[in-house]
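Structures for review follow.
Look at the two complexes coming up: chain A is in both, with chain B in one and chain C in the other.
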Partner chain A sequence: MSGRRIATVLGVAQVPMRTRLSQYTYADLLGVVAARALEDAKVDAADVDGLILAMAPTTTLGIDEPHFWATADLPGMKGFLGRVHTLASSGLVAFRLACAHVAAKRAKRVLVVAADLADESPDLIAAIGMFANPFAERHYPQSAAAAHAFEMTAYMARNALTERDMAHVIVKNRANGIANEYAQLRAPVTVDEVVDSPVLSWPIKRADASPRTSGAAAVLVGPADEKGVAATGFGNYANHPVSGARMVPGLDESYFDASDLRQAAARAYAMAGIERPHDEIDLAEVYASFGIIELLSIEGLGLTNGGVAARMIRDGEFHRDARLPVNASGGATCGTPISATGLIRVIEATLQLRGTAGARQIKHEPRRAAVSAIGGLFQLQEVGVLEA
Partner chain B sequence: MSDVQERGAAKPARSAPEDEFVFVDAAWSLKQSFRRDPLQASFLAGLKAKRLLGVRDPVRGLVMFPPRSFAEESYSDMSDLVPVGPGGVIRTLTKVIPGGKEPRPPFLVVFVQLDGADSAAAGALRGPGSDVSDPLSLIGKRCRAVFKPEPDGAWTDFWYQLEEGAAA
Partner chain C sequence: MMAGSVSIAGTGERIGRGLPIEAAVHEVVRDALAGAGLSLSAIDMVVTVGSDVLDGGMVGTRSGIAGAYGRELLTVPSSAGHAFATAVSMLDSGQAGTVLLAGWGEGTKFAALDGRIIQADPFYARPLGADASAIAALQAQRLLADGRMSLERLTEYGAAMRMRADLADDKTAGMQEWLAPNWSDGACALVLAAGSGAVRVVDFGTAFRPYCPDPADLDPAVWVREAVERIGHTFDEDLAAVEAGGPSALCEVAALAPILDSAGWRPLDPRVNATGGGAMAFFGPATGLRHIIAVADALADTSGSGIAIDLAGPIGQATTVVALQGAKQ
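Up next is the complex of A and B:
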């Protein structure tokens, strides 16, 4: 059974992710992926009537608020301009909004663009620290590694898992990344190499984490009745900004058990007509800048049928040759330009559903994909469903 | 754009020497002042008196620690300060490896749900049992807030310590 088509993915484009893309300015990057997405769609720039820029945080760019200075003459700019600023979920949120504009007939074709240049600031940790409440949260170390270490220790304790058990998701993703010509990290790692890599904030190690990434992506969205991969469901959910309020048994444990993502997924699945996600979804591309996020996302998306994701990956589930591959592209742990990473999940799922993913193509002719992204410290959850 | 025909290709759209761009060193430096939560003064005065204060949500009946003056969950003002702790339960933790040039020993940061509170708050875990080889074994253990002898009215006035018997 297929869901009702909301909008169509007409064209996609990305550039190879690298630590440093020395040949581009930020505006160059947006222009390159915009042109490529339109070429992929075989659509003229004059026929695009809306533009949405996904970009956050801006504090890592040399110049603030790029929608003022980097979008001039991009396709759709003269129709309307939107900006999404929800960190790593920005790209997927922008895609949802583009689909909503098209479905509401507010616009016929909307272009979503996103880019990051990681080499314009070495101070990502300091930028992330600026999000924290100065009264309630800045008295303890603020970093993405520490924030996700709090999730990882709780997950390990609850499921009696070792650091070696937790390393298998990284080993899987890095093996997948070898076949993805756009991935930043394209070398395999072993369980030993993950476990022995330098500790950032125990139990998070260097190899558990994504690299700093420069990259860009664009997606052109059009009407539901056009040919191509379609969006058939969306769901999102936002929770309390104070992480400690989401760690309480019997009240709200969403920081540990992905129950917020489960809520977002339930909304997306209801829209797409999905009742048994582990049976009805053929692949998933989930944003996970740390291995623990992927494990919680797999469970939150209902892909395990009650199993523990870490053990299932260790035992061969969710690999590219499994029935339900997760992050066949290598995922965000092989490269994650923060603003674009949610959009890259859409692109990778689209390529798989088209059957044009090249060396990383899933063999079983997937028809339906789930995509997800998270903004902030497990706070803003975003889920989409795409169908061939 | 000449590279458009390379759609899908993984090579860069433009080839350029590594040094094409000159980077200009810059840093943001902005003066800022932000509004303090109205309950912060009472909370910090409580710390100076070696008391931990939460606030009760009048709609849900839940006690939030640290206190804040508005509950986003129930859209209600909060002003009913109530004592919490000093005992509590460790909900999660991480071992922090300090950076910087001067080597410093790792230390544990724990999120503790204090007795009487319906949220957890972070702080350092010190004292006997805090240097265990298996930190995961500390999750779920009882601990208590311990104040320094002369508190200043700051978050650094207290830390957590395992309750007697909990370290075993």
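Up next is the complex of A and C:
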């Protein structure tokens, strides 16, 4: 059974992800992906009447309110509909908002653009740390690696898993990334190499983590009755910004068991008419900046039961040639520009559903995809469903 | 024109200097829910608007106080108009049945610090470009030079808005009243719901210019006309209230021109900017929510229509026009 078409993905574009994209300014990047998305859609710029910018956090860019200076002459600029900021889920949330404006007939074609130049700051972690209070220049005391180390430690302890068991998700993704011409990391790694890479915050090693990435993406959204891959469901779930509030045994353990993502997925699946996600979804593109997040996402999306994803990946499930591939693109651990990463999940799922993903194309003609993204430290979960 | 199927069910606002912002957010959400006769559990989605910089934080900082826990959350920091549009389209597209829209800003932080340093370049802590007053002055000079605005009208309007504003005792260091943004703290909340209610959302329209527009394209009246064209409505029947909120009174009086000319009203008509306008109590991109609320309050228990114009950005170039109508038969 198919869900109700909310809106159609008319065109997509991204640029190869790199640590440094020194040939572009931020505005250049937006312009390049915007032009390519319209070219992909075969739509003239004059026929785009809405624009949304996904940009978060502005701190990494170094200049606030980029929509005022980086959107000049982008298609749909005069009908700008806002900047979305939900951290790493911004791209997916912006896509959802574009679908809503089109479905509500407020605009006919809305372009969503996002870019990041992660090398603009000499110290990205310090820049992100200044989220908390730029007036006092006080750094947020918890890095992403340290925060997700809690999750990984708990996951390993609860499910009797070793560091080697946990490494297989990275090995899978890096192998997938080889076939993705847009991936930043395109070299394979072994379990030994993952386990032996430098510890960032035990048990998270450098190879468990996404690289620091510059990149950009754009998606053009049009009416539901146009031909193309359609969005058929969205769901979101917000929780407390302080991760400790979600580590309370017996009260809220969502930081460890992905139950927030499960709630978001339930909302999206209800909208899309999905009752048995494992049977009714053909592929998933999940935002996972660390291997542990992908394992929790697979389980939170209902693609398997809790606590078993690591072993299933070790045994060959969720690989590109499996029945239900997850991150056939290599995912965020092969490159993740923060503002654009949610859009890239939409783009990769769209390419797979179109059957135009090139060397990374899934062979079994997928019809339905789940995409997900996370804002903050597992604080905000966003799930979308796309159908061919 | 879209047939509006969204209504404003409840509102809340707090404006002041030195406002304890977390408490204010909590209170306005509570007021909006009480006005709607709903509990937080009846809310499907929370939409927030607040400047990243003014907030000094990020998404989660105050979203929980705004009621986001366990619900769907979207954050649209670019303007109150954009956030309002988000809420309306989410309802109209069937993705939510009830939306709590909350916005806040600690504008007094900007009054205490050089806004250019905060705004521009945290890596180098180097001011970038002109500050808000200088940009407004450039805009004013252009409109005056083009003959689109008279100095008398600006001065008269600025003085009148200052008298109306709650913060009339605040001095602006000798700046022209029509030029200076008056930094304030504020929090606002609205409950919007699908279906009929006391005040119906007729439609919204947006217009936008980047920073900085072409010198010949600095007139907010042009942007308002563009936004109104997207709505496709003339607003000349039963107009009962008009509000405009922008970074300067100059910006507001210029933006009001198309609406007031169409209605045959003077800018100092008591039905125009009863709040004193946005420039008299400016708390960043969420400011426009206050003016949507003011129009909604004026239309409650009436059958009249009203317009709220949100002018975000240094010269008001992120323009949203919101058309509302009282539902009384």
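Quick note on the criterion: the second predicted complex is superposed on the first by the 372 of 388 C-alpha atoms of A that agree within 3 Å, B and C clash if a C-alpha of one lies under 4 Å from a C-alpha of the other, contacts with A are read in each partner's own complex, and residues count from 1 in each chain.
The rule is simple: contacts are C-beta pairs under 8 Å (C-beta built on N, C-alpha and C of every residue); 3 or more make two chains touch, one makes a residue touch a chain.
Only a predicted model underlies this, so the values are computations on that prediction, with no experimental measurement involved.
Looking at the shared chain after the overlay, A:175 reaches neither chain B nor chain C.
In the superposition on chain A, A:67 makes contact with chain C only, while chain B stays out of contact range. In the superposed pair of complexes, A:238 makes contact with chain C only, with no contact to chain B.
In the superposition on chain A, A:104 makes contact with chain C only, while chain B stays out of contact range.
Of the two partner chains placed by superposition, only chain C is touched by A:376; chain B is not. Comparing which residues of chain A touch chain B with which touch chain C, the overlap comprises 59, 62, 64, 120, 134-135, 240-241.
Residue ranges on chain B touching chain A, taken from their complex, read 1, 3-8, 10-16, 18-21, 23-24, 26, 28, 34, 36-37, 40, 62, 64, 66, 68, 72-73, 91-97, 106, 109, 111, 113, 118-124, 135-136, 139-140, 155-156.
Chain A meets chain C in the complex at residues 6, 51, 53, 56-59, 62-65, 67-73, 77-87, 93, 96-97, 99-101, 103-106, 120-122, 127, 130-135, 234-241, 263, 267, 271, 375-376, 379-380. Those residues of chain A that touch chain B in the complex are listed here as 13, 15-16, 21-25, 28, 31-32, 35-36, 39-40, 59, 62, 64, 120, 134-137, 139-141, 146, 149-151, 153-154, 156-157, 181-182, 199-204, 240-245, 247-249, 251, 256, 356.
Those residues of chain C that touch chain A in the shared complex are 2, 45-46, 51-53, 56-61, 63-64, 68-79, 82-83, 85-86, 88-90, 92-95, 109, 113, 118-124, 128, 204, 206-211, 226, 230, 313-314, 317-318.
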